[in-house]
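The structure appears right after this line, and notes come after that.
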Amino acid sequence: MTVTQLLPAPATPRRNFWRGVLRVMRRKPSRMAGVAIVALFAFMGLFGPLLYPSPLPRDDNALYAAPSWAHPFGTDFEGTDVLALVVTGTRYVLLAGLATAVITVALGTGIGLLAGFHRGRWDTVLMRLTDLQLTIPGLPLLLVLSTVWKFTSPLEMGVVLGVLGWGGIARAVRSQTLSLRERGFIEAARGLGLSTRHIVGRELLPSMAPYIAMNMLIAVTGAIYAQVGLFFLGVLPFDANNWGVMLNLAVFGGGALTSAAALPYLLAPLLAILLLTLGIVLVVDAMDEIFNPRLREE
Amino acid sequence: MNTVIRRLTGHLARGIAMIWVVTTISFVIIRNIPGDPVRGQYEKLIEQGMGPDQAERATAALYGFLPTGSLWDQYTGYLNGLIHGDLGQSLSTPGTGVATLIGSAAKWTVLPVLGGTLLSFLLGVTLGVYAAIKRSGKLGDALAISGSLLHGVPQYVIGLLVTAIFTTLWPILPAGGPVDISFEPGFNAAYIVSLVQHATLPVLTYALASYGGWILAMKSSVATVLGDDFILAAELRGLKRSVLFRYIARNAILPLFTILALSLGMLFGGAIFIETIFNYPGLGLLLVNSIGARDYALMGGTFLVITVAIVVANIAADLLYAVIDPRVRTGGAA
Amino acid sequence: MRRLAAITVTALIATVTACGGVGGSADSGVYTTIDGAKQIDATAPINPFNPQGNTFLGYDAMTLAWPKNDPVDPNRFYPGIAASWTVTPDQGEVVIHLQPKARWSDGKPVTSEDVRTSIGLAYTQGGTAYAVDPKAAGSAADVRVVDARTVKVTQGASKSNLFLRNVLSTVVVPAHVFGHLLPADFWTTLKAARGTGPAAEKAKAQITGLAEKVISFAPAKDVSAGPFTLERVNPGEALLVRNKHFYANQNIAPDRVKVLNYTGNQQIWNYLISGSLDSAPFTAVPTGVLKRIRETEGNEVVKGFSPVAVSLAFGQTRKPYDNVHVRRALAYLIDRSQVTKVASPEAGTPAKTTTGIHAKSAQAWLGNGIGELDQYQVDPAKAAKELEAAGMTRKGGKWAMPDGTPWKVEIHVPASFSDWVAAAKAITSQLNDHGIDATVLTAADYTLYLDELAAGKYDVGFWLMALGPSPYNIYQRIYGSANGWQLLAGQLTHVPPGTQGNWMGGPEIIDGINPGALTSRLNAANPDEQRRIVGTLAKLTNQQLPVIQLYDYVNTQFVSTSRYTGWPPADSDVLRLPAGVWMQLGMIKEKAGS
């Protein structure tokens, strides 16, 4: 924001932009809800572990307890509050999701930009690489990899998921770059003799930023699912408050799909996933309209 | 026509190169998986309650089926086999060819995947048009959001929910397996009904999991078409709404066919969750089991089939794209 | 497009209307069950030598006799293809008398020649009584056909008291189907292979070289001497029909048997809740699910003895677990009944103490001796004393290594065993409560787990033990190859820790006792000597704690009284045998009026 104050000239369009954001948000209250949900998860990720004592308290006499005021989602196999597990588990899930998203988007955007901007031989090589990445069956490979490699930190997880997932974004960014190239202003910039770095950094990236941001959010959800799914299949290291581990233990250990006793234990992480998805979907919907005026209705 | 053939040849060459690279990568990873398959099998039998002597008897001879020789020799041998159409011998079902195992599993993956994808394609495309036209209305909004949500929710979540609902809470469908054995296989009513019953939940899950994507894709495609001049022209000509609807739908659906081809290819790899949840004996389950049993040849074979499916789908999508978009057909693509 | 939509709708309607009567839909005369030993693979051959083979023990695959589920004596059996047998006291000679009425499903009689061929085929697979190596303990030296229904099997010089059990568990296959797999000179080759010198080596290679051919052999159809014959199989189920030539056909109530496939326990739970299984083998069941299963009409739980226990095993070369005081301290801190309650409330009983033996067998083996052992009741004070004795230090409420570095207990389990994961989690929670920093680490699958365990990568891991009833098998899990003692060609050697799968890494001699040598003695010892050895080993195990016994498994089986009656009672000695054997013994009867 300080930058905006230093440069008074673009301040007006910026203010208009925020006004536009507000207008878009206000038109559909669901979008506000989306922002609120995402904010809630961000809060849980940041401060969740501070809200509960560590280690989490257990109650030997209340294994798989039914939901109550004290335990809104019941307790797990050890008598630990399920809600507390979901809340404290948010950090790992979000962190791994973010790490993946950053790596996915950085790799995808970088490679896409490079390929689209340089065209020619670079393009061919990079696009072959992209094709290869898109051809490798990701989930099966992850299953095999998990026996070779232990994913202990969220970052490691993010690197692997990111390396296996950048292809789609790279392709999209490349075609965006190609189409932007065709428009006048890049040619004009070239004509002015501006450096490549300037053109990419100042002209290309900003016009694609919203698109990239949306992809980033979608990548976060994708990463969370991939990760939770792998934990659910039981191939990733155990962590009692990981959502996927909870799903796994609820289904395979507690029989949540078969008996009602462990159902809340299953439902809590499922609801968390659904809610987070809903939040992100609503936010992306809002962003879509803010940045894509074509969809905006007059 | 010539360009199409040249295009196809280029695709095939690249596709084969791609398959070779993926095969090599997967070969290296697979052969580096730690774990002794025979020992694993032995302890597994013990865990299932078999006595140590009996378990030893059941596993001792498996050593003869382990791959021998240096990694390089194994690799060249494997490639040589592949060129001759030989995927090797299974270790977990010793004496059975990998091709046989994959062949029998493939049909249980292909049919539900096809059924589910087509079902969701039809539904999603139809609703997507409404979502685009009525995007200011409540219905369109709800459709779009539900589409995004379903698109966002992972397959396994839908699979788990569907199972909980239809086999536990309201048990009207079988919980797993491909078909009831009591019926004579063949073209008779009882057998087919049983097949359909068992396939319903996997198909439903595939359909639900991908339907959201179609709504979204169709919606944005329609939005593009709506901007095109010929719709305006049609409107000016005062065409009936239903005719207009068909106009829009027909033009907007074309780009989706390429996505359809791609997603069919991708679904082969994604069948793992659904087949695990429904005990459906397809390729995904085969792969999971082969990893557990350290059945190297079977793992490699399943990997290969999944890769080939993706490559073929890519080629098909590209050709479709060429047919649909005349600008590409003339060879002016980047 | 509209037409397509119409077709889709019609198809959906057809599906929904077709969905009547799933669940409990078993028609009369059909018996539905599950084979706990393997998952069905429809492409596998109908061949009992194939690990995935589509033959089902007790239904269409028959052994000479069926072992009783006895807590102590491995040599008690129910008759199978063998109607009776005699054995010399040292088990040197076993004479088998076949069922006089036994016939294959194609009408041909079951003869001594079938048994001899089956034994020949078993030699190609190697192991136990049919090891080609003459020095291997308890291998057969000679198989002789006495008459059409009598076979004599002689044990080699290196004797084992498991010989009878191994001979009687031979699966019998028809010589007229499988016989051609053995070359004409097979028995001469076998004799040569049991000699010495290069000729023997060559003969040995010839015999083991047959293994693949035998495993891969796919008969066109099932020829069974059991109560049923395989009719067809698909990836989800196998269907067997009555073999009207079966020698005790009058005992068999169902006309058909359906064996359902499963990929995980939860499928078995679902089958049970829908009431579609007549019986199901041992399955781990959470309490909530058990309640649901019981709610289904007719379902009953039958519990019995299961000679398996689970333990926490130590890598004894890794610090600080090389110190017995640390192991004892952990034993004093782990609340076994709480662990059992969390992990396996229905299929486990907390271990009374660590003896190496399942509590039920321990009673018989040790008698009152069990009371003299340390019970390792939860006692934080004793644990603290033990830790101090090991030189561990306490810093800010946390225990640390003698040199002051943090002590992190990492408990390893395979991720796919949810009861072990729960147990490990419960243990770490308890240890954390007592100031020991403990975490659970999972391996992606069991094969990987075993590999890393064997490579000595783990400090502490879960380990199955007490695999009775044979005392040799029981102690072989603690003082066998996992702990450095290897029995090769009848010769016992001890390899240093960290090599050849010796991950436990315990000392070879403790207090003048060589537990591995004693364990190997159990193989040949007479009952009195066995009792003495078991007493010594139990005491040693209790003091040294190479493992901490956590809980003993309980065989939890399910039967349904809706369609059949006459189920074996709780603790029956047939409980670990397939239901097909129950039928052979005349147990299962169709319910009147169903």
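Per-chain numbering from 1; labels A, B and C assigned in written order.
Keep this in mind: a contact is a pair of C-beta atoms (placed from the backbone, for glycine too) under 8 Å apart; a residue touches a chain by one contact, two chains touch by 3 or more.
What you see is a predicted model, and the numbers here were worked out from it, not measured in a lab.
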Dominant interface by contact count, named by its two chains: B-C
Chain located farthest away, centre of subunit B as origin (C-alpha): C
Cα-centroid distance, subunit B relative to subunit C, in whole angstrom: 37
Distance between the centres, which are taken as Cα means, of subunit C and subunit A, whole angstrom: 46
Chain centre separation (subunit A, subunit B; CA means) in Å: 24
Sequence positions of subunit B contacting 2 or more other chains: 33-35, 167-168, 276, 291
Overlap residues in subunit A, where contacts from two or more other chains coincide: 147, 251, 257-258
Interface hub residues of subunit C, defined as touching at least two other chains: 264, 270, 273, 445, 448
Residue numbers on subunit C that touch subunit A, as the complex places them: 264-266, 269-270, 273, 285-289, 291-292, 338, 341-343, 413, 415-416, 418-419, 421-422, 424-426, 429, 432, 440-442, 444-445, 448
Subunit B-touching residues of subunit C, taken from the complex the two chains share: 1, 4-5, 8, 14-15, 18-19, 22-23, 27, 30, 36-37, 39, 41-45, 49-52, 67, 122, 124-128, 162, 165-166, 169, 208, 211-212, 214-218, 232-239, 256, 258, 260-264, 267, 270-271, 273-274, 281-282, 306, 308, 417, 445-448, 450-452, 454, 464, 467, 473, 476, 555, 576
Subunit C contact footprint on subunit B (complex, rising order): 33-37, 39-41, 43-54, 56-62, 64-65, 92-96, 100-101, 104-105, 108, 119, 122, 126, 167-168, 171-182, 185, 193, 196-198, 200, 249, 276, 279, 281, 285, 289, 291-294
Of all residues in subunit A, those that touch subunit C in their complex: 55, 58, 60, 63-64, 77-78, 146-147, 234-238, 240, 248-249, 251-255, 257-262
Of subunit B, residues touching subunit A in the complex: 14, 18-19, 21-22, 25-26, 29-30, 32-35, 135-136, 141, 144-145, 148-149, 152-154, 156-157, 160-161, 163-164, 167-168, 223, 227, 268-270, 272-273, 276, 287-288, 291, 299, 302-303, 306-307, 310-311, 314, 334
